[in-house]
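There are structures below to look over.
First subunit A sits with subunit B, and in the next complex the same chain sits with subunit C.
Up next is the complex of A and B:
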């Protein structure tokens, strides 16, 4: 299966481990991710919170490039990228006038027919048995609190699952033999880009999530979003120090768990990039 | 040749201020068939009506055109008026030159006058084709059927029966009483719900004019206003009429731990049971899906212990036909299943998030906790109770757009009961608006407020457990900031929706429902307890969310309407109904499928052709069922169906007149 791939700005930086692991796992599962040539900003945060037309146009340029590649589906690992592309696509498909206006700005003749799927959906779309067939290690000692964040399930136009209790990632992680805990903070806010401006808020939000994962007796959290990962991974040390009495919680990307289960090495899955120590847990399976 | 009189009304300045009425009258006099044309300030007034009567006599008029207001306002007035002069009342045609002319063209008097002339020309053209119509007499069966034995059904039954008519109540559950007997105290007077409703149940059961079927459903309805034939399905109770209600059977029944529906699953019942001690009738039913005798084929304990030999495992469903003249639908409501919709409140995962009805059972002295407010999870008394209003109501995105009307008041009552029963307790109520329109309602709400209930304006976005508590996260939109409450119990005021199966009742009886599935009244203001189907009436929440006082008032209103109908031995049938020209009917019966009132049936007729007799099928209109909508006339390909008073010929002559 060939799918156009939008890497996004975090792919070489904070989300490098997500990128590496996602690509490896996709490759193993027969999903050929083809990077969009000359891709540009998806229109996240800075654009969409200030100028709607700019935000849609930025996303539309990339969508137009996908159409030019002759692909009908594009995916992104970063959930902010997914949400921007998907939302722009939904709006453009509905609003002919907006599409004309945007095409004038981008200089492309975009038809608004490209399907946008998150990488989570792409992998979850595979037959469960074909994933299971690739599993070589049992991840049963992982007691995972799956954390979806907000971007994959909101707004309702582009949600990939139930916004209050999504389970798409739960089911996928269970195929590795890992335990998935039922917990209350699957979609609670991580503070997102407030980590740049008001990190005290982020610390308090992150501490609640870590606390809830602790209460659910999880031993790690798994996310599908580079920003969630950064906030949970980096700020939890502040949270555990200031709020006290919390067990540290390694934060993984979901393809890292899949990849480890499929027999990839720690290095292949970029586990060493994680800030919170993952080695205790990982060494039990690798 | 018709001799038509035209009467143009000024309606004071309503018409006369815009339309040049004398000019219209002068023009009308020139129309074909018009022998008299006049105008007057108020045609509906006594002198106006006299003017028409004397003109009919003097000019030997055969048809009358009145150009005035909408026929919905005064058609009946003028029909009676011309009948006084000896004309058939249906020899009247009205031209609406007020609502459809002067009122909408106030700023263009010249064009309005021209339009008025055209509208009168149309009416005159139709008047030329009118034929006398005669009302039929329909005999009335002086009995009423009530579907649903809740407080609405019981109240209406008592009213109708007290007026001397027989009443048949059909109730789906094993007992009458509906939702009201589940409740504890009722706002705003705090009288005990069961104490005021169980005596009514007993009165209904003992009334010589009332017959009650419980554990029964309406299977089929045939007929029309005054003459319905209803098939009632009496589900097999497995207990016959020998039963005295002694209770030996359910005391000995070995199948325990079946969640009791009456306590919303908070208590357990046996496989043979009465839903609650005051049930009417006090006669148990066997739950055949759980009873060992039926599931495993052996047990027979209840039969063995029954002193009156009342247990009958062989009993089958029975079908009984009842003839009635009127039907009242009072099928009540259910609460919306929030556990399928509100993930933010845990999709029903947390036992300490309950509905208002659960709270009612808990706080009720005869309920599963003996009247103590306890957390379902651990049986502890809660200290902080959060109430969330409008769960499923006023929430277009997730559930229903409408307001369920009773929740503001019962939540205030619940808050009062928590504060009263649990010393040192704290109550937080999340609301959108506080709507307390009703006698002594606002006072009750203020009392609760002064007792210390904390009203927080805003919605709750999330509930999650933390230790023994529930964290309730919401917004206080008056302070403009997020709020978090550490609660022990959360009570949701969930939306009222039409009771399960009510759509089937509407289909079986033959009337319409609104977009939310509530039964549609004929007119929201002026005919609130009637449906669009003659002889079928409505009461209670099946028509729309309401509280007990409104339900009872509506039930009595519907009863008054039914008593009015049943007070006649026969009623006049509208003559403006469809009729079949059998010579032209091809028997295709396309009309039958399109008729919303099931008024068209096939009929065999015998025709004599030269040298032989031929039997063939034609359509036949049931004059009692037909409501004169005209849908069939459009569906009829050979043009054999006509609506009396609106025949194809009449309509085409109007079109011709307008296109001149």
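Up next is the complex of A and C:
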């Protein structure tokens, strides 16, 4: 299966481990991710907080490039990019006048026929047996708190699963033999981009999430978003410091778990880039 | 803040109409159940709760709303939107209020000012390279908010973990991205 791929601006930095592991796993599963030539930033929170037309236009340039490639589906690993592209697509497909205006702004002749899927949906769309067939290591030692955050499940226009209790990633992780805990903070916000401007708020939110994962007796958290990953991975040290009794939670990206289960090495899965210590848990399976 | 009597001569205030135009969301539907506030993860840090903002939009208290911390502290997690019994996209209302504050050049104060500075820093790097640049956006934020060593520890950790890249990732057709900004600017000035 060939899908156009939008790496997003964090692909070589904060989301490096996501990018590395997602590409490896997709390749193994026969999903050919074809990078959009000369893609540009989706605009993220900054654009949609400043100017609606700017936000849609920045995303639309990339959607137009996908159409030019002759692809009908594009995927993004980063949840923030996914949401921006998917929201723009939903609006452009619905509103002809907006599409005309945006085409004038971008200089492209976008027809608004591209489908936007998160990489989680692309992998989950495969037949479960075909994923199972690739599993060589049992991950049963992993007691995972699956963390979806906001961007994949809200708002309703672009949700990939239930906004309160999504299970798409739970089911995928269970194919590896890992245990998935039932917990309260699956879709609670981590504070997203406030992590630069108001990091004390993010520390409070991350503390609650780490506390909930502790209460559910998880031994790690698995995310599908580069921004969630950074916030949970970095800011939890402040949370565990102040809340004393909290156990540190290693934070993984979901393809890292899939990949380790498929027999990939730690290096292949970019596990060493994590800030929290993942080695204790990983060495039990690798 | 609310000492003046408020005369409502129409079902929708001017502010409510402007929000509707920007976001397609009809704030006048809100009946103050408070669910948005109950589920809002950032409400504890806001000066006005989301349901207060909704009521103030109905009443047309434009200055109070656009100068609040709340509109820029909203992280657009959209928990409010999916739980609203009146089906109002509350997060989209917040988004439109931020945009209206930006249009009126309201820099914000304290927390909201910082959010605004960061957003502008992010967009500045996007304009330069066609892609955003994490380190540069953070540095610009630090300089413009006069806190040079803010988040230095985070930067160092990321650097040590190989998650920082100094060289910008430039789009070849960066002019196309710059054009997007320019065309919208011209459009806004013409309007």
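Odds and ends about this structure:
As a working rule, the second predicted complex is superposed on the first by the 286 of 286 C-alpha atoms of A that agree within 3 Å, B and C clash if a C-alpha of one lies under 4 Å from a C-alpha of the other, contacts with A are read in each partner's own complex, and residues count from 1 in each chain.
Please note the rule applied: contacts are C-beta pairs under 8 Å (C-beta built on N, C-alpha and C of every residue); 3 or more make two chains touch, one makes a residue touch a chain.
Computed from a predicted model, the values in this text were never measured in an experiment.
With both complexes brought onto subunit A, simultaneous placement of subunit B and subunit C is prevented by a clash.
Looking at the shared chain after the overlay, A:189 reaches subunit C, while subunit B stays out of its contact range.
Of the two partner chains, both subunit B and subunit C are touched by A:163. By the touch criterion defined above, A:76 reaches neither subunit B nor subunit C.
In the superposition on chain A, A:215 contacts subunit B only, with no contact to subunit C. Judged by the touch definition given at the top, the superposed model places A:53 against subunit C, while subunit B stays out of reach.
Taking subunit A as the reference, the larger set of touched residues comes from C, when subunit B and subunit C are compared.
Contacts of A:31 after superposition on the shared chain: neither subunit B nor subunit C is touched. Once the two complexes are overlaid on the shared chain, A:20 sits clear of subunit B and of subunit C alike. Aligning on the C-alpha atoms of chain A brings subunit C into conflict with subunit B at a single listed stretch, 27-35, out of 9-17, 27-35 or 153-161. Applying the stated touch rule to the two superposed structures, the overlap between the subunit B and subunit C interfaces on subunit A comprises residues 163-164, 188. Within the complex formed with subunit C, the subunit A residues making contact are 9-10, 12-14, 16, 38-41, 43-54, 57-58, 61, 104-107, 150, 154-156, 159, 163-164, 187-189, 191-194, 196-199, 201, 204-205, 234, 272-275. On the side of subunit B, the complex with subunit A involves touching residues 342-344, 347, 349, 462, 464-467.
Interface residues of subunit A facing subunit B in the complex, by the touch rule stated above, are 162-165, 182, 184-185, 188, 212, 215. Residues 22, 41-42, 44-45, 72-73, 75-79, 81-82, 89, 91-92, 95-96, 98-99, 102, 111, 114-115, 117-120, 122-123, 126, 130-135, 137-138, 141, 145, 151, 154, 157-158, 161-165, 169, 171-174, 176-177, 179-181, 183-184, 187-188 of subunit C are the ones that touch subunit A when the two sit in their complex.
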